[in-house]
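Next up: some structures, all given as structure tokens.
There are two complexes below, and they share chain A, which is joined by chain B in the first and by chain C in the second.
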Partner chain A sequence: MDYVDLIFAMMGLSALLSVVATALAIRSKDLLNAVIFSSVQSVAYALIYFLLLAPDIVLVYVAVSVGIYPLILILLIKKVGRYETKQNWEQLKGGDV
Partner chain B sequence: MILILVLSLTYLTYLGGLGELPPNDVRLIAKNYLNLTYNPYVKSLWASSPEAVTAIVWDYRGLDTLFETVVFYGAVLAAITLFRKVAKEKDMLQSKGMSVVVKRATAIVTVAMLTVAFSTALHGHLTPGGGFQAGAIGAVAPLVMIVVFGKRYLEDRGLSYGRLLSLRNLALTGIGVTSIALFTYALIQGGFSFIFQNQGKSLSPYSFPSYTLDVPSGGILLFFNVFEFLAVLAGFTLVFLILLGSDELLSKEFEGGENGY
Partner chain C sequence: MDIELVRFMFLLTVVSFYVNLALSIYGVIAKPNLVKKIIALTILQDSASIFAVLVGYKLWRPGLTLQPPVLTDLTPTSETLKEFVLRSVDPLPQALVLTAIVIGLAVTVFLTTITLHIQKHFGTVNVDVIGRLKREEVYEEVI
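For the complex of A and B:
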């Protein structure tokens, strides 16, 4: 196994991690957990960008996807409630927010 | 179904659907940029910057980046317009912020964040990174500070809407002035130069200084990176300042909505 193979193996592993994190983010009923899983996915993508020799993208991607974007989502969650329950959903459908 | 789709796409990629990975040859256009960016033997085409990405972003393709900056400016402007009634007001809630431990730790880390952001901007033509990257890194500092210290605390200490807006406008004016500075200089000297010109071309001998002391300074790239950093930092901070306001403040914006606007 030479150098390039190692890099590709690491890229594959982080891609797998990102798929798992994305699935968990979609399935999660606790929205705060979903945001954290989404950040994990972003970290995996940042690693892939780094291994693909794009450090310029990594610098902006980490700051935006792990710093700014989750914070704005957490702000939103603070206003709409943390848990995604059936009751909340029916309230939303009834227009009684 | 989804699994089959994913597996088939993976298999196709593995078989070489995207060509050979990694590609064995560098494409011609990339070769040209790599050859010319920091090539002191071809001074009519070089950018005097060891970092090829920044050279492409702000020199070879400078106008594209200028329009990107304008788009970002417009987006922030639209966000401010939505909250125009409350944007200029101070928050009425005096938040106590978090505990002393968190506050002290944040104060130390914030300095580090701003330092990293500044060095990313100033080294944009030497190491990976540039104006926008530095601005995005630096914008995390005011964001964390607003959450930890409370919005009113910072507003009482001079972080105001008006100042951020003027910093932002000043930085954008700086980008504009930098792009025509050499043109004006050449005009005064009775010569001729292009707008957005960095180093001398075969038609025009004028150029920005390519070395500061003995470090390559990238000429125009350094100025653009610093101004872009300030513009992005001020823009992001403005949006956070508005979005992180208390519910009482933000709901004032929507008062009387039932009766139409």
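For the complex of A and C:
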């Protein structure tokens, strides 16, 4: 097995991993889980950027997309509430809104 | 170099990016929660920028090893520059994508601030509930 084959095999497998992580991130009701799955997708994309011969993008992308996005989104989730619930209109009207 | 495997894996990669693009557009449009919309928007942004990097990629030929667009020679002669142009991938989409990632960070921080203000004003981040609340406000003003 040549190293070119290895490069393309790693690219295809990490692209598949990113599809799975994206589907789970869109689908999950728990927002914290969604943030974690989106950072898994970002790790796969960082590997693909490296294999596409763009190492200077990887330096920025890992810091921004695995570090800062989850930090901001977790702080937002702490204020907003963790679970994506289907709020009942009557219950909301009788509540504290 | 097994050309069939390389073709299959490259096709798999491109199809996966298209699937990611479709999934994240679905998330932006169909999910009612604003935080979920922001997460899907970041994935959409990354998928779009990885397509731009993919445009600048070069075809592997037997006997040609590609290299990143970094010139390590401080005083290059014309032969080394010719060799560099033959081997390196296109650096222009990479520069654009680098800018796009940083701008995307600023946009995400801005959207986060707006979401916090919406949470303070309406008490919820569900878009359906916010629409109903706004309709109720307008209705009460008319009455």
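Quick note on the criterion: the second predicted complex is superposed on the first by the 87 of 97 C-alpha atoms of A that agree within 3 Å, B and C clash if a C-alpha of one lies under 4 Å from a C-alpha of the other, contacts with A are read in each partner's own complex, and residues count from 1 in each chain.
In the analysis below, a contact is a pair of C-beta atoms (placed from the backbone, for glycine too) under 8 Å apart; a residue touches a chain by one contact, two chains touch by 3 or more.
Just so it is clear, the model here is predicted, and its values are computed rather than measured.
When the shared chain is aligned, no partner comes close enough to touch A:24: not chain B, not chain C.
Touch criterion met: A:5 reaches chain C, while chain B stays clear of it.
Of the two partners, chain B and chain C, it is C that touches more residues of chain A.
Of the two partner chains placed by the overlay, neither chain B nor chain C lies in contact with A:32.
By the document's definition of touching, of the two partners only chain B reaches A:67; chain C does not. When the two structures are aligned on the shared chain, A:43 is found in touch with neither chain B nor chain C.
Shared interface residues of chain A, touching chain B in one complex and chain C in the other, are 4, 8, 55-56, 60, 64, 68, 72, 79. By the touch criterion given at the top, residues 4, 8, 55-56, 58-60, 63-64, 67-68, 71-72, 75, 79 of chain A touch chain B in their complex. Across the complex, chain C is touched by residues 1-2, 4-5, 8-9, 11-12, 15-16, 18-19, 22-23, 25-26, 31, 34-35, 38, 41-42, 45, 48-49, 52-57, 60-61, 64-65, 68-69, 72-73, 76-77, 79-81, 84, 87, 89, 92, 96-97 of chain A.
For chain B in complex with chain A, the touching residues are 21-22, 53-54, 120, 128-130, 132-133, 136-137, 139-140, 143, 147, 236, 243-244, 247.
On chain C, the positions that touch chain A within their shared complex are 1-2, 5-6, 8-10, 12-13, 16-17, 19-20, 23-24, 26-27, 31, 33-36, 38-40, 42-43, 46, 50, 53-54, 57, 60, 66-70, 88-89, 94, 97-98, 101-102, 104-105, 108-109, 112, 115-116, 119, 122-126, 129, 132-133.
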